[in-house]
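Given below, in the form of structure tokens, are the structures.
Same chain, two partners: chain A is paired with chain B first, then with chain C.
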Partner chain A sequence: MSPRPGFVLEVDRSTPPTLLWHGEAFKLQKLPLGTRVVYAPEPFAALEDPESAIRAALENPEGDQKPLSALLHADMKLTICFDDISLPLPPMAAPDVRQMVIEAVLDQAAEAGVDDVVLIAALALHRRMTEPELRHALGNRVYDAFAPFGKLLQHDAEDPDNLLYIGKTDHGEDVEINKRAAESDLLVYVNINLVSMDGGHKSVATGLASYKSLRHHHNPKTMRHSKSFMDAPASELHSANWRMGRLIKESGVNIFQIETTLNTDTFPENFKFLQKREWEWNLRDRITFAGASKALDAAPHKMARNILQGIKSPHALRTVHAGEVEAVHQKIVAEVWEQQGVAVEGQTDIVTMGLPYICPYNVNSIMNPILVACLGLGYFFNSYRGAPVVRKGGVAILFHPTRPEFHPGHHPSYIDFFEQVLPETTDPTVMHEQFEEAYATDPWYIHLYRTGHAYHGVHPFYMWYWISHALEHLDKVIIVGGDPATVRRLGFHPATTLDDALEIAKDTVGPSPTITHLHTPPLLMADVTP
Partner chain B sequence: MRALIIERKLTRFAAARLASTFGTGRGAGLGPLRLTDREAPRDPGANWYGVTPLLSGICGSDLATVDGRSSQYFEHLVSFPFIPGHEVVAVMNEDGVDAHGRPLTKGTRVVIQPVLGCAARGLPLCPACEAGDVGRCQHLTAGHIRAGLQTGYCADTGGGWCEGPMQAHASQLYEVPETLSNDDAVMVEPMACALHAALRGSYDQASVVAVVGAGTLGLGVIAAINFLDSTNRRPRPRRVVVGARYLAQQRIARLLGANDVVPGDQLIRAVRTATHSMVVGRPNGSTPQLAGGADVVYDCVGSASSLAESLQLVAPGGQIVMVGMPGKASVDLAPLWQREVELVGAYAYGSEHFGEETAATFDLAIEMAGTMELGRLVTAHYPIERFEEAIAHAGMAGPRGAVKIVFEPGRKKASTQEGGPR
Partner chain C sequence: MKARFPITKPTWPNNVPRPNPKRNVGLDYDTAWARRYPARLARAIFTDFISAPLVDLVAPTTIVGADALSRLEGPVIFAANHNSHADTAVLLKAIPQHLRHKVVVAAASDFFFDSTTKATVMSLILGAIPIERSKVNRRSAETALQLLDEGWSVIIYPEGGRSPDGWMHDFKGGAAYLSVRAGAPVVPVFIDGTDKVLPKSRVEPGVAPGGSGSEDRLGAKLRRHPVSVTFGRPLRPSEDTDARRFGGVIEDAVAQLGREVASDYYQARRHVEPSLTYGPPAAAWRRAWARPPAIKVSERVPRDSWPTTRF
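Right, the complex of A and B next:
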């Protein structure tokens, strides 16, 4: 039976309460009558033989690129780059799709007698991955064959000796990327396209870039003009990356792009109810919901966090394409939308969303308040094509505990950003002008980024820029159940319940607002007809 | 006259010390301080004049004394019983002369520079007094008056916590300009301390300066740095970073010219970012030791923990200026040794030197109190009979949004004035 598409439910008297994420917990919430609830499509079927599909993709390239086997020869320099810990979410159960693809590429390289092979995690300014994380992404066989010999690297955007300046785009944007990757005879990039934003020229132009290069598109102006960054033609973020990517190609870097889509089978058997429609819950779903929600509520939240961070998703490979960057990406984006797109007609006054425990930047870590804002207003708000589900001047209501907690090893500059920047300003442009450079060039943050497992000093700014479009679009942001002082520090309004939040929203949207609730995860993209 | 006095009664000191464990200033009811009727102090001799206090402040060292927490070091530098109160604006009861030898007529308002140096004791000037550095006087227990490092700790002079009169020597008297309110004037003595402390720090325009604690002295140091810059006496450092525990303190610190004002527990983070310092070890949630740090740290608290924090904040080769009155403290001095940190005391006042200009700290403080309108730091006035409330208020100044609490001896009981710092 083919999976059912996503759809929009209108809440009536017979609608059961809706499952709502609240950080490391979830609950059932009765939504107001008339609320539109957007449900994701059901997960598509997995490929029956992913290994064969990968091999076929490598030998049947898209666009103006040769088959991989034709690009490999014995005395060449080969670099394989791959997406980092931020993808997929939650981390997928072994074997990870990166492992499957890289093993296939390495098999071909071995057949061709290629000796000079290096793997590089394309971190951009993200934290370095730990050995267990790398082993999980690549598999033990690949890890043990490369890491002990210094052939498994993590991109270092602050290592001037290993960066190569490519040039300027016709918009004056500096392009500087990983030297080993740029100077290789062939650069193979292995993507996991979890959402439509991922992949394309963004893979190399962002994942392997330096701060000098990234700052041209990771800034408030670009983010405000990305409406949304899930929709490349309407995204200035993507336009900049495309300009950079084309310059990289023109400079002679030969890229063999491999992109993959996963289905949205997000939660393992014990948590399957989280991706089912509530009225279809069977007895087992009800019992596991009751047990899990009570256990998570009762557990100290650190324990609850550890339990949930331990979830390995049954995501399965759905499609894979390889070859020339733009041709590959065009096919993949269409397939991502096919899996995740939901047609939504018109906008509402309010959008509500329950925020889960995980986002791209807190895998095996803590969801700090800046990441809460980024997940809700950066990712979920921007999960649209056409127009946001909420009207201009509307209200976003988020559900999350928003505790003032930080991982000191992963997010050191976030703590200072929270304590020193947010009390001064929540305006992305002001903080960009007054504070960004000091954080970006701080030697301690750079040291921690290069030698520890810390996000780059500038990263919290990027997370805040990520919400620029939402901040400009919305009149008010309310967080239900959040720590009040922390929520206020973010510039938002705290509320204790949904009713309380609707009361707070009343002076903006009136007493009878229209509401859309995004029932995610699983991931969905709203295809909005304004 | 009615006066508050402190007597040497060990049981009362012990009771006060015990009571103060429940909060600063709690020793006022049980301790050595009591309200009494007594004879006014006799005239100690030539060049001493009777003055009547208008306002007299309550400072941290007063609270320590009332709570029985003062260092035993001071035991021989005071004489009992004494009337506390060394932050005094008063009115002359007779004609006299001031510290510069200028005439003062009866009724003139004066502030008292309280150190009882050689001149006040009728002694030949010691080298420090000769140089104008009266705070470093070597004869604080000698001469024709009894021991007492300052007015307010000496049995023979009286102090400001009385309905007057008290005695002040010519060398202690500074006329209050007409333009200064009584509130401005009562801030002169603590601001003189802050000015002197600020100048003990060897910052320059490239420096980052940290201020630990934002009570009267911490705020005073911030104001002093700004004042010295605005009067072209000494350029301000590149950044002044302040740890202030309470919101009112944070607001005032910004008003007085601090660049970065953060809650006290965030000071190390703020100094680290301001100096782009590295950190010793990896961040694990505990308070880090900075590898670099501030060039000058003003410790305006004076406790073991504030000194330990200052050592975490200060750069190698830097300087810690102890502004708050310390006592016995157990602190790991390994970083002081390994990082060649200079620990500098900053007590009272004297003469300050700016190139060709030499000025008495008190004259500078009078100028500063006026130009910076420091009377706005005075939060509440109490009559002396409500001393327990006043001391409790001063002890809880931070959490109650206050900075300086003063006695107004002539004030009627029912007319206590209270408000936030303006």
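Right, the complex of A and C next:
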């Protein structure tokens, strides 16, 4: 039976309360009458035989690329790059799709007798992955075959000896990527396309790039002109990446791109109610909800965080394509939209969203206030095609505790960004001009990025640039249940309840605003007709 | 104060159409409840303390070849010939203890699952799952594969039903298909004598097909008779095994056990392990790659040890 598509429910008196995420907790919230609730489509069925599908994709490439087996020969230099810990969300239960794909590639490489093989985690400016994280992503078999021999690497965007300057695009953008990857006879890139923004030329041009290269598109101007990140033709971020990717291809780097989509089966059996429609909750769902929400409320939030971060998603491989970058990506993007797209008619005055405990940058870590802003206004706000679900000059109401907590090992520069930059300005352009350079070149942050497990010094700026479009579009951002001082530091308005938030929003949108609520996760993309 | 959702059932929004009620018999019957611990405990008590003594009383059983299963870990597929409804009770008693309590029985959906009551009883006391008896049905196969994946062994009667004449009939492809897909070994089993204990009920003389008394039913008379259960060596499919050919191998193995029962002759099959001494003369990763994977895989990410900074 095919899964039910996503849909928009209009709240009336018969509608039960709606599930809302609130960081490391969730609750049921009665939404105002007339609110539109956007529900994600149900998860598509998993591929019955993913191994065979992967092998078939490798041998039947898309676009102008040969089958993988025809590209492999004994005396070649082969580099396999893969997406890092930021995907998928939550991390998927073993076996991870990267493991399945890389094992299939290695089987062919072994058959062809390729000795010079190196694996590289495409980190860009993200933190290095730990051994357990790499083992989870790649499987023990792959890890033990490469790591002990120094053949499993993590991309270092600050290592001048291992970066290769490719050239400038016709827009004057510097392109500099990982040297080993660029100088290989074949670069195989293994993607997880969790959302339509992932993959394509962004994989190599961003994932394997240096700061010198990344700064050309990770800046407020580009981000403001990406409307949205999920809609590549309307995204300046993607245009820049495509220019860079085409230059990399012209320079002679032979890329064999493998892209995969996972289904949206996000939560394991015990938390299944989180992805069900509330009126379809059975007795077990209600008991589990009551037990889990009470337990998470009662637990110290560090414990609640550990419980939720321990969730491994039952995501399953849905589709896989391999071959030439653009041809592969075109197919995959259509498949992502098929799984996540929901038709929404027109915009409203207010958008509401409950923010969960996880975003791409706090896997096994802490969701600090900057990441809260990024998840709500960077990711969820931008999950649209056509137009945002909220009108220009409207209001966003987020639900999250927004505690002033940071992971000092993973996010050291975020702490200083919160203490030094945000009190001075919340304007992305001003901070870009006045503060970014100092953070990006700070030797201590670079040291922590290269030798520890820290995000690059410039990363909090990028997260703030990520919300540039939303800040420009919205008149007001309200966080319900957030720590008031922290919320104000972000430049937003704190509120205790939804009713308070609507009262605060009244001077912007009037006493009877129209409201859209995004019921996510599972992930959804609003296909908005203005 | 009046109780509300989530304590009570949620209300159904007026603007969402209600789905048709789910049909809960036949292949649609959901047996998941019968594999939860309360049902498993009830079944274990029934199997060991009610069914097994009854089998001892009515069908004193000789078990041959169970030593071949002593070091076999589940999941496995038991492929047996089928003469009587008593086969399952006898086989469950004969299966070694370490496999017995995590086993499901593939049962004909059109017979054992045609009413909710019958389906519930069969799921509870036998751990039965509904299958299409005439062919490899995709939904049945998916259910069985999922259960194998979760570590459940499966009893299958590949003939698709009880023998109408006591002789073994052609096997259908289900057991081979599941084994090849799941990579689970198949244990061939030959059950002898149960057709004397609980014979297949015959069509009453003079009753037209479809008329009362023409249908198969459970109510045949029990008679005391010795039976034997003979286990063969597990058959393991390789990666490139053809399911159709493997089905023939399974059928031959069960038939051979039948001949062995008849002639008191048993011949063990030799199982050759691949050499682990030398690897290919190649790069380190390829030598490592050529080794079989480790059995135990630790997936746990260690607890985060970083302190939290709070302002």
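By our rule, the second predicted complex is superposed on the first by the 530 of 530 C-alpha atoms of A that agree within 3 Å, B and C clash if a C-alpha of one lies under 4 Å from a C-alpha of the other, contacts with A are read in each partner's own complex, and residues count from 1 in each chain.
We adopt the following convention: a residue touches a chain if its C-beta (ideal position, glycine included) is under 8 Å from a C-beta of that chain, and two chains touch if they have at least 3 such contacts.
Source: prediction; values computed, not measured.
*Asks:* Quick check on the superposition: with chain A as the shared anchor, is it clash or fit for chain B versus chain C?
*Replies:* Fit - chain B and chain C, as placed by superposing on chain A, sit side by side.
*Asks:* Once the structures are superposed on A, label A:A290 by its partner contacts, choosing first (chain B), second (chain C), both or neither.
*Replies:* Only chain C; A:A290 stays clear of chain B.
*Asks:* By the touch definition at the top of the document, which applies to A:I415: first (chain B), second (chain C), both, or neither?
*Replies:* Both partners, chain B and chain C.
*Asks:* Roughly what angle, nearest 10 degrees, sits at the C-alpha centre of chain A between those of chain B and chain C?
*Replies:* 130
*Asks:* Between chain B (first) and chain C (second), which does A:E405 come into contact with in this model arrangement: first, second, both, or neither?
*Replies:* After superposition on chain A, A:E405 lies in contact with chain C alone.
*Asks:* Return first, second, both or neither, reflecting whether A:R55 touches chain B, chain C, both chains, or no partner chain.
*Replies:* Neither chain B nor chain C is touched by A:R55.
*Asks:* Now for A:A110: first (chain B), second (chain C), both, or neither, which partner does it touch?
*Replies:* Second partner only.
*Asks:* Between chain B (first) and chain C (second), which does A:H493 come into contact with in this model arrangement: first, second, both, or neither?
*Replies:* So A:H493 meets neither chain B nor chain C here.
*Asks:* Quick one: is A:H238 in contact with chain B, with chain C, with both, or with neither? Answer first, second, both or neither.
*Replies:* So A:H238 meets neither chain B nor chain C here.
*Asks:* With both complexes overlaid on chain A, does A:D144 touch chain B (first), chain C (second), both or neither?
*Replies:* second
*Asks:* Check whether A:G452 is in contact with chain B, with chain C, with both or with neither, and answer first, second, both or neither.
*Replies:* The answer is first: A:G452 touches chain B but not chain C.
*Asks:* Spot which of chain B and chain C makes contact with more residues of chain A, would you?
*Replies:* C
*Asks:* Rounded to the nearest angstrom, what is the minimum C-alpha distance from chain B to chain C in the superposition?
*Replies:* Result, nearest C-alpha distance in the overlay: 5 Å.
*Asks:* Can you list the residues of chain A that touch chain B in one structure and chain C in the other?
*Replies:* 408-409, 415, 419
*Asks:* For chain A, which residues count as touching chain B in their complex?
*Replies:* These residues of chain A touch chain B: 408-409, 412, 415-416, 419-420, 438-439, 441-444, 447-448, 452.
*Asks:* In the complex formed with chain A, which residues of chain B make contact?
*Replies:* Touch list, chain B to chain A: 260, 262-263, 266, 269-270, 272-273, 276-279, 282-285.
*Asks:* Residues of chain A touching chain C in their complex?
*Replies:* My answer: residues 9-12, 14-17, 28, 48-49, 94, 106-107, 110, 113, 115-117, 130, 132-133, 135-136, 139-141, 144-146, 148-149, 151, 277-281, 286, 289-290, 302, 306, 309, 312, 364-366, 403-410, 415, 419.
*Asks:* Show me the residue ranges of chain C that touch chain A in the complex, using the header's touch definition.
*Replies:* Residues in contact with chain A: 5-7, 9-16, 142, 181, 282-286, 288-290, 293-294, 297-304, 306-311.
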